[in-house]
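What follows is chain A paired twice: with chain B in the first complex and chain C in the second.
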Partner chain A sequence: MSPLVLSAWSAVSPYGVGAEPFARGITAGRCAVGPLDPATHPGPFDRGGVVPDFSARTHVGKKGTRTMDRVTALAVAAVGQLLESCDGGPVRQPEETALVLGTGSGSVQSIMDFTRDSFAGERPYHVDPARFPNAVMNRAAGQSAIWHRIKGPNTTVAGGWLTGLLALSYAARLHRGGHCARVLCGAAEEYSEQRAWLEWHGRSAAERATPLGEGGAVFLLEPAEAAREAGHPALARLLTTRFRAYGAESEVRAALAACVRDALKTTGVAPGDVRLVAPLGAGGESAALEEAGVGDALGAADPRWIRCRPLLGDTSAAATSLQLAAVLAAAGADGLAPGEAALVTGVERDGTVGCALLAGA
Partner chain B sequence: MTTTNRVDAEGRATIKGIICDILEIDAEDMTDTSRFKEDHEADSMGAIEILSQLERAFGVDIDQAELARMVNLEGVVTVIDEALLAKAA
Partner chain C sequence: MYDNDQRPARRVVITGLGTVSSIGLGVTAFLDGLRSGRSGVKPITAFDTTGFAHANGCEVTGFDPAEWIHRVDATELGRATQFSVAAARMAVADAGLTPEELRARRALVSVGTTDAESRDLDALVDVELREGPERLPATVVRRAQAGRLSTGIVRELALTDVEALTLPTACAAGNYAIGSGFDAIRGGEVEVALCGGADAVCRKTFAGFYRLGTIAPEVCQPFDKDRKGILTGEGAGILLMESLETARARGARIYAEVLGYGLNCDAHHPVAPDQDSLARCMRIAHRNAGVKPQDIDFISAHGTGTRANDVTEAGAIRQVFDAPPPTVSIKSMIGHSMGAASALASAACALALTEGFIPPTVNHHETDPECGLDCVPNVARSTELNVVQNNALAFAGNNAVLILGRHREAQ
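Right, the complex of A and B next:
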């Protein structure tokens, strides 16, 4: 069982920049998906959940942001919000602080724009070199650390919809291995025309209409004792994460049920203690199979379900991190109560399922 | 001997605009001789970027060895001027 607690969090979401607008939006169940202006957001979708009025220049700074792409700016802003909420404590020992950040493919917009310049320009090397760093996957994680002077291990994790859960699992392992004293962990995803077309072409007809969302969430993970010493509230204890593979979609239900059962069994949590469940709720059959799998594992328990996707759209790589943020938002300023547990689950179309189990600290 | 007859006032303004944009400074903060690195906090990435953007804007090839002379606006104008001359030849 992990000794780590979640002691601070931040979110940048279609509700706005910060944990507070996110918590208000989620607890009110307000839908943040709205019409997209085709002039600014061309592509196959006429609705989406974008972070309102967000830009690197306005939310990160005027200097050093000229070539910063959107997903990087969202990540830098989310990490900045988190550090601000705990008075910069985690960066007072910057070498001891790790950053584990999830992403889809980095910024597909940056990758495609840079490649097109090389093909379409007079010479293949007539590209903007300052934009090259945006074309690699670890740009957001690297830049977030550089910007905020975080000097511990810096990791980029990508795993589709399960990204946020995989990042959490990686963060716990990094800490368990003695590589850092604390971890900032989360994920970010941007809205772009390029991502929109990739999603549209990659989806089955049944889920093609689901609007896209964007945003990011970041969490501070540290040992309970360190949180107490620093005066950070222990909002929840990260008990464990579990992942499993499945072949056909018909196996999703059993695979996820096995994941959740295993998580409960190894941590000694009774199904009835699970009060909150935040599922991914991906389109098509998957959402129903996911909820059925969780239901199978929890039996007669009657938890409260927090469904983010109808409110935020499909936030892809940021989805499971935003679900975790939604659990903390629902738990409130004091976090999960002792004896209370919460589940965040996901089903990735490429054949994996996963869950994170949290409990009151 | 510096001749700048191939880079006219408009060309000069284009160059200055590109550099100020890259260095994220206001045009009035840059003089003909203020130095990018010492006075405007340019780093090696900024220098490469200036070279690359000017190549695109003026359709010329600039050898990276010229970076040694591209330390201020005056130096850049001279290098571009010579590159345009070489292109015309």
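Right, the complex of A and C next:
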């Protein structure tokens, strides 16, 4: 079987809509986190990384977006950007194309607003039926498929900070199982007051200061041969994804090191070939443990580290997808060079770690 | 845990079942309920139903998390995760694997859901309205994460070499999760998979379906001419899957073989199903499983009991099958348990194959001629089965069809 490659990508991020502003911002190391206007972004945070001037109406269209929530609009826009960048090729055989999209718990704003209407309305069923699908967690993936007419498997993935890595793993498995010819795969997360409050209360004191970010990234995953035939550049080969679980936080370092070692060993990549590492870099002790774990596995190798979180804020479910986009941004238009490998890693507070290993095609 | 290694495809079997349902906790009670056509319907207690003209549902009763959950503090788990973890414990015990044997194998845990911990999100809204968003309790906030449905299982079973995947693909999510486990074992990525779905009854979803006019006032009557809609339900179904090779090596009891599955998306309407697209999904599943329509001995339908679902689903079945096989809906007994629905239905199919019976569609008076299917009304039917099909549909036109086969030891 022809190896799977990433042959196109798009991003909607605090740098703006599109892969280009993202690539410029990331490669320049420019921080996109800024002050939040409490009138438009109420909640416990006074700084954040929001997609500037983004709305469903302006970026998706005036028609059919009246009830579209923000995470759905971000996903629809990111998928649209990707399709545009490859002239709609992936949807010419819509039944053969899968869409695998990661989200947090869908839109917690939409879900909790819906319940709020039920509590606060004159009758408990005085809720807006047109918004009911927004309150179900497969809305962003489903609406992206409806909007862009993608008729293959349509799957929503959730896994906290590891969501993007899990979506990639699921997508590759789906392809290998013979369920599609190609996969559009990524994740999206919205900034909302409700998410902000949940994050604020859910975090430990040490993590609380990190501002929230939002955005999404989507990738075209297809066999190298198909990419060549379609004239898509093979930006990177997906070599493997690996996951492990840990008990106490003190085990994070060893768990991630084991994960990365296993990935390298299985694929025969030498630690020294890993030239780029994009870690999650979560708050508290986690970021240092994550980098130490990667360091343990890579030994004397001296890769370039791309740290997205200080630039974008905590993008939650979109974080690892945006890290992957950052790797591709750093690799440039030709992608990773032959013999060059890159690593995307993450540590989830629920006790899991994961990584994706990529290499030049 | 993807990689490009070329390995021969393995056969995948189900060797353990864990079921938390409104008709019984554990596989023995669930089987007994399916055989006897037990109904799990009762007035909803999950939330204050004042103001709704009717509020029956299919809740899980008598569930004590302490009975099943030993390592993790159950108060750190929402109700759906408690169900998911309990069902996983049951499945592992049912498969006859010790925790140590399980930990020694590379694993995939994949759990589908519609609402995850939306019941907790409902409770948090209540706190916000009464006390303000500054007062949210941290424990509830932390556990109200969709990812917990699978990581909860990992923590409880102390797994380390594991991928924990939650698939919130709404009401078809159970089949999605089982499908991914099937692919992972078939491709040799993992040596064991704990897969299924879980959900807990919540106000949000009840209010939404009620507003759409799709909640039945009393009982759920799939394919009946007088059917009035769904009853929201809850529970979890977790299947322990492994390769035929490892199951044989340890002399495990095999419920059924997973033959394959198909997924597709209508890409048409947010809530209304599309007949042609659903028919296409069934054909995809048959192709993936290497079976023909005439091989299917019965269909476990999505069968929600709404006007639209049942007539569309029956139409799709007639498109694919010249002579449709018996087509039942266990939602008549356990309600619509959302993300758990197709997982519990898969468990029911596995039991049906092992025990040689077709579960009934209860509450049935007169079949809707527009559906025109043999829904095995009210009484289970004893018969030898070889191949069965489990349909699942979700909002946004997310279809998932799973095919299971009876396992026979080679002569």
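The rule we apply is simple: the second predicted complex is superposed on the first by the 359 of 361 C-alpha atoms of A that agree within 3 Å, B and C clash if a C-alpha of one lies under 4 Å from a C-alpha of the other, contacts with A are read in each partner's own complex, and residues count from 1 in each chain.
One rule holds in what follows: contacts are C-beta pairs under 8 Å (C-beta built on N, C-alpha and C of every residue); 3 or more make two chains touch, one makes a residue touch a chain.
Just so it is clear, the structure is predicted and the values come from calculations on it, not from any experiment.
Of the two partner chains, neither chain B nor chain C is touched by A:Arg304. When the two structures are aligned on the shared chain, A:Ala135 is found in touch with chain C, with no touch to chain B. Judged by the touch definition given at the top, the superposed model places A:Val127 against both chain B and chain C. In the superposition on chain A, contact of A:Arg30 is made with neither chain B nor chain C. After overlaying the two complexes on the shared chain, residue contacts for A:Lys62 are found with chain B alone; chain C is out of touch. In the superposed model, A:Phe243 lies in contact with chain C only, and not with chain B. Taking chain A as the reference chain, the count of touched residues is higher for C when chain B and chain C are set side by side.
Residue contacts after overlaying the shared chain place A:Ser105 against chain C, while chain B stays out of touching range.
In the superposition on chain A, the residues of chain A contacting both chain B and chain C are 123, 125-127, 129.
Residues of chain B touching chain A in their complex: 21-22, 24, 45-46, 48-49, 52-53, 55-56, 59. Residues of chain A that touch chain B in their complex: 62-64, 66, 121-123, 125-130. Residues of chain A touching chain C in their complex: 1, 3-4, 43-44, 94-95, 98-99, 103-106, 108, 111-112, 114-116, 118-120, 123-127, 129, 132-133, 135-139, 141-143, 145-146, 148-160, 162-163, 166, 168-170, 172-174, 176-179, 193, 197-198, 201-202, 238-247, 255, 266-267, 348, 350-352, 354. Within the complex formed with chain A, the residues of chain C that make contact are 1-6, 49-52, 113-118, 121-122, 124-126, 128-129, 133-134, 136-138, 141-142, 144-148, 150-151, 154-155, 158-170, 173, 176, 179-180, 182-184, 186-187, 189, 203-205, 207-208, 210-212, 262-271, 277, 280, 284, 288, 394-398.
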